[in-house]
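Okay, here's the structure, questions in a sec.
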C-alpha cells in the first residue's frame, strides 16, 4: 500500500470555489492565515461568500482583501478589533457579521468536523450572546444548543506537509487550522514546505492527511509573515 | 472453505478503488489486504488511531504500541499518522471514510445489517462497528452465504439487534456477489462452479437475477 | 516564570481515590493501558467504582484485576470481546455494563473535557443503542442527546512526560488517553520516562500539562507490555 | 497615572499564587507579569494556543509564529506547550484555569461584568472574554476606578451588554482593592495617599468599609 499524492497548483485548487460558497480560513491574527490562498481567491473572484475566521486580520491584509473586493456577504467571527475597515463595513450594513464566543466558534467547527449536529453549552447564558438561541434543559441544567459548523472549503496554512496532506503547524500558527481541516468538504492547504512521505514523524502530525484534499507548496513566504513592530 | 474465502477476499479487493480511505473490519474483511498489489494506492484506517496501516508483523518484529483495532501487531508505511480515538471517529462520522468492509450475522434485503449481538449468546458490545456501518460512504459486507447450521444470512428482515439500518450496498459471499438495491437483492456475480439455483436456495429472500449471463469470480 | 513539578509516588497519587469514585482508564487493548496504576488501585482497595474504559483488557490483565477484586460496580465501555470473564460477570449481573458506540464514548469523554454538557448525534438511531435516550429535532434532523462524561480520576499511560505533566504517547497507545486527560478532576499519569522541562518539543506535546495533576515515572515497564503472540 | 497603574499591577501580581494557571487579559492585566519574580512558579495561558508564556520579545528576536492572544510577540519557557483553539478553550471551560485577570467597562455590585461592547461606539466582538469571565475559577478585574470622563466604573448595575453575570470576585483599581461579596462591594485596601472618602466618592454603588484600619498598597 502507498498513499496518494495530493499536490496541485494553488489556482487549480481555488478554481473549485463557487459563488455563494462557505469558506473557512485558518489563522488567529497573522500566524496560520493562508495569505497566498486568500490572494488566489481574490483573483478567482468567487462572490457572495460566507467567510468563517477567528478575526478579519488587519486593514489591507488577508481577509481584508476579500472584504475590499466585495466578495464577502457574511462573516462568522469572534473579534474584529484589529481591522477598523471590517467594523466599518459591518456598521454600514455592507457585510453581515455573526459574532461567536471564541471557544464556541472553535467548538462549533470541531463539531462539524466530528460529524455531530451540535452541542450543549452554558456559555453566554444571561447575555446577549445567547439571545435567539434555542435553549434546552438537560442533566438538570439549562443549555443553549450550538449548531455544528461546516464549510464547502477550508483554506489552511501549515508549516510542513507531506504529499498525502499530513500537516504540522508551527507554534501558535496552529489555532483554528486543525479544526477547520476536519470540517470542510474540500480542504486546501498552503504549506511552507511539502516533504516526501515519511518525513513527518507519524506521532507528531497535527492534521492527518485523510482530512486534506489538496496541498500546495509556497514558492515564497507571504510578506505578511515578516515580523513587524505592531 | 478456506479456498472459497480466499476467492471471496480476492474479489472484494477489486472493490477498492485507487485513492480510497478504507476500514477493514475484523475477520474476513482483514484478509482482503492480502489481495491488493503491494504498491496499491489506498489508505487503510484503523479506528484505534492509525491511518496508513502497513503489513502485520510477527512478534519478534512487532512494536508493542502499534496494533490495529483487532489487536493484530501491524506496521506503518511512509505517511502513516497516529491520532486519538475522537479524531479517529471524527474521520468516520464526517464522511472521510470512502469504504468499509464488515462482517455480518444477517443482512436484510433493505440493507439492514446485524453483526454485533446475539441476545443470550454473544454480547461483547458494539465497539466501532455501528459508526462504520452508519457513516462510511460505502458499506459492503463479506460473509459466508449461510451460517454453520446452513441457515441463510441474507434474509427478508433481520431478526437480531441491528447495527445500522439500510447501510449495506453490496455483499460478497463464498457463493456470490449481491447488490442491495431499493427493490432488494440483485445477483451480480457467481462463484466459479456455483449455480444460480444453489445461490437462490441459500438465500433467505427473493433474488433478482438478470436475463444476461453473469460473470463469475 | 517556571512551571511546577507534579511528580509524586504512585501510592500517594492513588490514595486520593475514594469509594464510589468514577475512574477513567486509558488504553485500547494493551497499548496505553495504565497497568501499574491499576495494580496500585487494586492494592488501595477503593470499592464501588464506576470504571470507564474502551474495553476490559483480557482475563487476568489490567481492568480484569479490578473486576476480580470486586471493586467495580459499573463499567462504561464499548467492547468486552477479549475478556470472557467480564462478559460472564455482566451476564450474571455482578457488574452493570453500559455499552457505548466507540466513537460516541470517545466524544462523550471529550465533551466532558471541553466543558460542554453534551452533543447531538444521529449514531444508533433506529437501533437498540438509541433506546431510552432523549431525542431532539434540530436543524431539520432527529438527533439523540449524548451526555458529556467526566470522572473523578483518570489513570493514564504515556510514553514520555515532563515534570509539569506535558505528555507524549507512542503510536496507537494514544487512543483514549488524551481525551480522558481533559475530562477528570484529578489526572494521574504513569510515564515510561519523565524528562526535564523542555525535553519535549512544545509542538509535539499530545496532552498539555495543564490538564495533568500527578505524574510518576515507572521503575520498570509492566510485563503486560511485552509483545506476545495473541 | 502610569505610576498608579504600575502600583495596581504590582498589587494584583500578589493575587497570583504559586502553581496557578493564569490568563491575563489584554491591557492592564498584561502588565501584571512584569511584577512577578523571574522564577515565580506560574503557568500563563494564552487562548490562541499556548501554555507557558515567556517574556515578550522585540521584533529582531521574535518568532513570527509565536504570539499571545493580544498579538504581542512572546516566547516560550521550558515546558511550554502549543495546542489548537478548541483544546485551549477546553482548558478554560473545564475548569483548568485557576485565575483570569480582565479589564472592565463596568463592574456591578453583584459581580456582573461588562467589558466587550459599547453599543453604537465599540463593537469589535467578544473574542475569548466571555468564556474566561464565565469559566475561570477566579475572576478579578484590573481597571481605572473611573472612566476618562470621571464616571464610576464600579456601579449598582451594568448598563452595557454583559460579558458574564456575577463572575467578578475582586477588583484592583488605581484607588483601591475591592471585593465583591453577596452583599456588595467591600473595600479591603486603599492606594497610598487615597482616602476612603475619595474612594466612596468615585464608586457608583455603596461601599462596605470595616471599622478596622485598612492596609494600603
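Labels for the chains are A, B, C and D, by order of writing; each one numbers its residues from 1.
Assume a contact is a pair of C-beta atoms (placed from the backbone, for glycine too) under 8 Å apart; a residue touches a chain by one contact, two chains touch by 3 or more.
Since the structure is predicted, the reported quantities are computational estimates derived from the model, not experimental observations.
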According to the touch definition, list the chains common to the neighbour sets of chain B and chain D.
A, C
Sort the other chains by how far their Cα centres are from that of chain C and give me the top one.
D
Averaging C-alpha coordinates per chain, one finds the centres of chain A and chain C separated by a number of Å equal to 32
Please compute the C-alpha centroid of chain B, do the same for chain C, then give the distance between them in whole Å.
29
Distance in whole angstrom between the CA centres of chain C and chain D is 36
Residues within chain A bordering two or more other chains:
107, 114, 116, 122, 169-171, 202-203
What residues in chain D touch two or more of the other chains?
82-83, 86, 89-90, 92-93, 135
Listing every touching pair of chains gives A-B, A-C, A-D, B-C, C-D
Which residues of chain C touch chain B once you look at their complex with the stated criterion?
28-32, 54, 77-82, 87, 90-91, 97, 99-107, 109-110, 121-124, 126-129, 159, 169-179, 206, 225-230
Provide the residue numbers of chain D that touch chain A in the complex, in ascending order.
46-50, 59-60, 62-69, 71-73, 82-86, 88-90, 92-93, 123-128, 130-131, 134-135, 161-165
State the interface residues of chain D toward chain C in the complex, per the touch definition above.
18-19, 21, 33, 36, 38-45, 51-54, 76-83, 86-87, 89-96, 135
Which of the residues in chain C come into contact with chain A in the complex?
107, 111, 114, 116-122, 134, 136, 138-139, 141, 143, 145, 147, 168-171, 201-204
Residues of chain C touching chain D in the complex:
1-4, 112-116, 162-164, 166, 182-183, 196-198, 202-203, 205, 208-211
